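Shown next, in structure tokens, is the structure this report addresses.
Chains: A, B, C and D, in written order; residue numbering restarts at 1 for each.
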Amino acid sequence: MTIAAPHRFTGGRRIDISQLIVWTIGGILLAIVLLGSILTLRAGHYTAAQWRDFVVFGIAQGAIYALIALGYTMVYGVLRMINFAHGEVFMSGAMTTFFLADYLNRSGFLKAHPWISLVAMLLFSGLVSMTVAVLVERIAYRPLRGAPRLVPLITAVGASFFLQYTFRGLFGSGVRAYPAIPVLQGKLWVFQKTQIAVFVGVLITLALLVLFLQRTRAGLAIRAVAEDREAAALMGVDVDRAIVTTFAVGGFMAGIAGVLYALVFVQVQFFMGFLPGIKAFTAAVLGGIGNLPGAAVGGLVLGVIESIGPSLFFDGYGIRAAHQLKDVIAFTILVLILIFRPTGLLGERLGGEERV
Amino acid sequence: MRRPIRSFTVLLLLLAFVLAACQRAQPTPTPAPAAQPSPTPAAAASPTPAAQPTPQAQVTKPTDPIGVLEIKPGEPIVLAWMLTVSGGTAQLGEDSKRGIEIAIEDLGGELLGHKIELVGEDSGCNPEGGQAAATRLAANPRIVAIVGSSCSSEARVGAPIIDQAGLVMVSPSNTAPDLTDPAKHVDAYLRVAHNDKVQGRVAAEFVVNKLGLKRVATIHDGSLYAEQLANVFAENVQKLGGTVVAQEAVSPEDTDMRPVLTRIATQQPELIYYPIFNPAGSYITLQAKEISGLENVKLMSADGLLEPQTVQNAGQAAVGLYLSGPDLTVLGPKYQEFVQKYQQKYGTKPVAGFHAHAYDATMMIVEAIKKVAVQAPDGTLYIPRKALREALYQTKNFSGLTGNLTCDQYGDCADPKIAVYEVFSTDTAGWPDSAIRKIYP
Amino acid sequence: MALLETFHLTKRFGGLVALRDVDLVVQERAIHSVIGPNGAGKTTLFNCITGFLVPDAGDIRFSGTSITGLRPDLVARLGIARTYQNIRLFRHLSVLDNVLIGLHPHINYSLLDAILRTSRYRRAERTAEREARELLAFVGLTGKEFFTAVNLPYGDQRRLEIARALALRPKLLLLDEPTAGMNPHETEEMIRLIRRLRDERGITILLIEHDMKVVMNISDVVTVLDFGEKIAEGTPEEVRRNPRVIEAYLGRGAASGLGPSTLPLPGEA
Amino acid sequence: MIVHAARRAIFIGLVAGIAGWHLSLVGLIPAFAQRRLVGDALTFSYALLVALLALAAYATGRRYPGAVQRIPWGILSALLSSLMLFLLALLVTHLNLRQILLNATPELARVLTFGGGASGAGLVRLLLIGLLAGLFAGGLSALPRPWGRVIVSAALMTLLLGLLRDVLGPLLPQVVTSFLYGTAGLSLAGALVTFLLAAVLFTLRWSLRAKAVTARATAAVPATLRQPVTQALLLLILASVPLWAGLFLSNVADFVGFYILMGLGLNLVLGFAGLLDLGYVAFFAVGAYTMAVLTSPEVGQRFTLDFWIALPIAIVTTVLAGLLVGLPVLRMRGDYLAIATLGFGEIVRLLVLSDWLKPYLGGAQGVTRIGRPSIASWRIDSPQEFYLLVLLSCLFAWFLSVRLRDSRLGRSWFAIREDEHVAQAMGINRVTAKLSAFAIGASFGGLSGALFASLVGSVVPASFSLLVSINVVAVLVLGGMGSLPGVVVGALALVGLPELLREFQEYRLLVYGIVLIAMMLFRPAGLLPERIHRRELEEAVEEAREIAPAEIATGRG
């Protein structure tokens, strides 16, 4: 029995006014940005070298975002939750390592063996951050596995503030300045040497991370849990252990990011984790959360947009002190990505979960 | 026995509410805080003219349009500070706080037979902190007067709150011109720090006349102090024949200043003037020389960065940085004595530029209290608040550590001496002499 | 007369075709079953009908008008209610509230009425509560109005889910494996309940069911899906004899966890 | 068995010790060293330390049925914690850690050892106190049902009274004050009397409640609250606050009020509709800035409106802002929603901060000279007078919350919170339900912001940081999401108490962090769980027990 279809449906969901409004707003924003860029470029205040500088600064900042974003993305991939406290994990390494750096500097070791000192600082910072990350997982997240999603999110926010103000209480609210590392002073072509150190550090870390995930049993376990936790458990993977490993690895990278941050920006304080944390999250979402290369790409893209954006988008309109709007750009990108392309630029690796 | 009395007072209070409400409606619509301060004592309003307690005054409690503070025997006279003692600007406020503490110590901790108690609130060097601190201080009815605030932003929102509460504040380190601008000044506000109209002028003279630089850029951080000082500087540079090629802003939380510096570099300035605070100030110091086009630019900041932290944080990059600020080198032997006390008490030389000002502010307040306070035979002390304010405004040739202070009708009391310092070393152990030296005037 | 019709309904997920050209006609006041091995696309069909999924092609008509791509809540308001395979109650609300939420589209008062508690509000709330209690009585949950839904025994949860669906005053009720996890006695009762729904309330029923006994027992029409395609349709008797159906079940019987014995062979009751 | 018990005791002892290290080194314990509670001896620091030790003992002992086991194991872990504390005192005294750890001062060592110092005397003192704390905790928990609780509550009450000396002292009649309080903290006699009085009160309350339970009345407290007499009395007390509270307390009450308003608003969004909004401060900011721009002569068009005209405009603006935030996030859930709203909150703050909008919104310097309300000839000026306005607003918001909760809209929010998918299948329009939650919730925040701006007289961007949002979320979490009385309790505890305890200010965010984590771990429904929910749960459990005891699934609450 076949019936000739009287009407063949081709479109998607019928048009919804709320969606229409959202798309209109998005369109207007895009138009503003485009028009601003055109106006700026036609005015021609900036030389090519300056645009290049913007990109270089953006990449240096973005590389650090990328390193932190990797931690977000890994945890999200495995647990499907945002580790809100990740920015503080990053801060804890940088803050604590200041004292090591300061000690090395005072004792003259830093001058004598800068490379050894640097590696020691990176390792130390990584270990501190790792410990903090694992503790956070153990205390604030693990007991709540299986609770409604809202619950671990709230503890994550709590953990974030707890860590911030613990470090404030321990080390004070003042700003601490890392000693300069002699071999990293000065420029190489258009780059600062510290910036190059950051790129190299990020590349090495990323490579090690990929190797770890692809080539080790622990990495395999993490990937299995990320794919399907129940199935992995049935196959004999120790889920808790895989999750702890994820936190540990993510924390270690955040710690390394902390020292690299200190190389570029020198000053550290207890609040330093908050903004980079949010930005790194933005980067992770931008690249497609749960997707490792995505986090790296997202970080770089965000860094560059932040660096170029204020000049490119707003200068054309003659907006005063456009640089102040840098974070507005970052947050707007975050919101827009979440609205229009929640799977990010490179796509979400770990599908499966419904997000209607 | 007490209960009925209490409820009676409550009733009275209620009545007073209503009466006050009715009364207030009739006169001019100008609210109290906006009223202009009168340089001369309003004879009808202020109860006790400057002299020592008169026999009549000893018997009756004085009256005062904004209230009389009553200090019973055995109760302390409460002075308060409202300074930034945390975060990146902690040294600035801590330094001033020590000035107050030394002043109280010099008084032997006592005034008119009452102990002096010092309380305080951290005002965080931002408007919100000023708002919160002022609100808390205003709610403490025991406070006589306040030494503060540290940063001009704090005062801008804090002063009206203090004013409303009937208190008075003397700032050791606010320098923004706005605060004593005739149109914007609030009655409760005085300061012993210089007005930045002076600092900005001196800085501009130094840059244009002494250094011979013509193209300058300015950066502020959105704070009242920075914004206004940058503006005054810019105006003066233009007056002296220079050009201001860029006026930019950063926010105090920014860490990456390279983009904004690159924007400035497009205009090829010879000097960047950024009168802001730490840590943002140190970020600019650190990052400016990295920018292509700014390799040879001169950097200059102001008293907000006149603290060892600036040199500690920026390290080698700080060498060559110019800093304008109060000139402490021309101060007399009294100041040297003070510094010695400071060193004895805190184990370090003064860590910022406004310790002496805080000392003077405290002493000025104490003088004024002595003038207006009325002592009852039983030792109870009455301090009429409006009269206290007026006494402060009448301060003339008060000999303080920072010079001879005379207050004008808008609350400017300073005897401004501005110097420009240069950072020549990264050694902050013997701050200030080991790291900075005066080069102008 | 046909209450629900689908024409060439197609839905893909990436490369996987969940539904392919499915034509389905559900007659008014029928009990119509959809069967098929796991992954045959039954639940996808339900999701398309209720508006949660937008089909890639094809049309769905309800009482003659197209409802394709309509928002789920509008579909529900037209009179299509559903239950879920793994019970989805409002777990932390009371039994009564669960049903009252089902009545949501039928309660009419404005926000202002609610804030001022006008007579209109009170009347509407009273009527709604009465209806909710009636529905609870209908499914046999009287006396448990103020239990929290999670605290109900399993069978009661199933019944509550049906009561909640009934609160929408549906013309068509989609039941997704209503007897899953029930013991024979409970299953008996559920079958009776489903019959009563049609007989006493005149509701058309579209049913997904794995238990062949239930299917054969109550269905007027059975549609068989396999790999997203309709392979057979007819009375239980016809379907049971259809060789393609037997092949679909027997061929992969072991893999789908549904042994051949579950499919009652001809001649059995 | 013994080995297991010992391991447990040691573990808990160590954990408590580490907690002690943490609290000491972040400065919380030394900060309270000057705050005397009872007499000259008992400072708040000591009370905290003793509480920590007792808690360790209690946590260890509660596993075991009888006092015979409870007490010794409890003592063991309390002693272990004491040892840890002593170790810290030793470290602090003999190593110069101050360069790194701000609070590793000799003063800390003195506080930790109860004045004994890092010497034999200190050790003996600490161990003795550990022993007593263990004994006390073990003994208490071994007492029959109400007594342990009554004693602990009464003790806490006494400590609270001591803590609030400076606030309460001036309020009470002088006779009472001079009897209760010494030069600092409670006098010994005052403490004793307070303790006994409190104990009697708590016993009374307990027996009343027990009676109520046996009488099978539904939940005792709300029932009495609902009685008009109690309500009127409560209202009268609340309304009379400005008469007896003085400037300072009224000011605190105002700020608590602002947070109650915001809490009630966020409760609609988070508690009722289950949408975690981490950018709630945006609405507070919009309300405050609208009020500022409209009534201050400083910015914008240089015109000023009257407060009463500006207020509704501010609320309408916030509702629009609520819709604007709500629309794009309609399709998001959980974490994404939280982050997106957080982004919105920050965008609002950054925009009002910017130089770009400075001519309209005042930039970093904010806006001052904001208008105050006046009724006829009565200018509402002081915090005391403002209190009435705040109280009225809170009551209105409460009233609205109740009415909405009991309406079909409220039910549709609950449905969305419980299961968005099913809610839609039940004919609930997700768009209207969520948007109405956002819009109405926002309006409360806007009202709060407008009042805040007017009371303080100035608005500055820094007042609208993420911390405000977190603060409101913490208020809700502590009180219980969805629970209206919970909002009040949460605001009193998290906003009111820190204002009253000056030393506390610096640690308030640390405490928020602890509250958020601890509540979620140990009491996710909050201190005062949502009422309907609880009532149902109790009844259900009770009745279900009669019907089908085996099949009750334990609910989350």
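We take it that a contact is a pair of C-beta atoms (placed from the backbone, for glycine too) under 8 Å apart; a residue touches a chain by one contact, two chains touch by 3 or more.
For clarity, every value in this text was computed on a predicted model and none was experimentally measured.
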Furthest chain, CA centroid comparison against chain A: C
Chain pair showing more contacts of the two, C-D and A-D: A-D
Inter-chain centre distance, chain A versus chain C - centres from mean C-alpha coordinates, in Å: 45
Centroid spacing, where centroids are CA-atom means, of chain A and chain D in whole angstrom: 32
Chain A-chain B separation of Cα centroids, rounded to whole Å: 41
Where chain D touches two or more other chains at once, by residue number: 353, 355, 421, 556
Multi-chain contact sites of chain A, meaning residues that touch two or more partners: 16, 320-322, 324, 356
Contacts with 2+ other chains: residues of chain C: 52, 71
Chain D - residues contacting chain A, complex: 22, 25-28, 99-103, 274, 276, 278, 327-336, 338-340, 342-344, 346-347, 350-351, 353-356, 358, 420-421, 431, 435, 466, 470, 473-474, 477, 506-507, 509-510, 512-517, 520-521, 524, 556
Chain B residues touching chain A - in the complex, by the definition given at the top: 86-88, 90, 222, 247-251, 253-256, 258-260, 262-263, 265-266, 278-279, 282-283, 286, 290-293, 309, 312-316
List of chain B residues in touch with chain D within their complex: 1-3, 6, 10, 13-14, 17-18, 21-22, 24-25, 31, 34, 126-129, 131, 135, 138-141, 153, 156-157, 160-161, 164-165, 221-224, 227, 249, 251
Complex contacts: residues of chain A adjacent to chain B: 45-47, 49-50, 53-54, 57-58, 61, 173-175, 177, 179-180, 187, 190, 192, 265-267, 269, 271-272, 275, 306-308, 310-311, 320-324, 326
Chain D to chain B touching residues, read off their complex: 173-175, 243-244, 246-248, 251-252, 353, 355, 363-366, 368-369, 372, 376-379, 381, 383, 385, 456-458, 460-463, 465
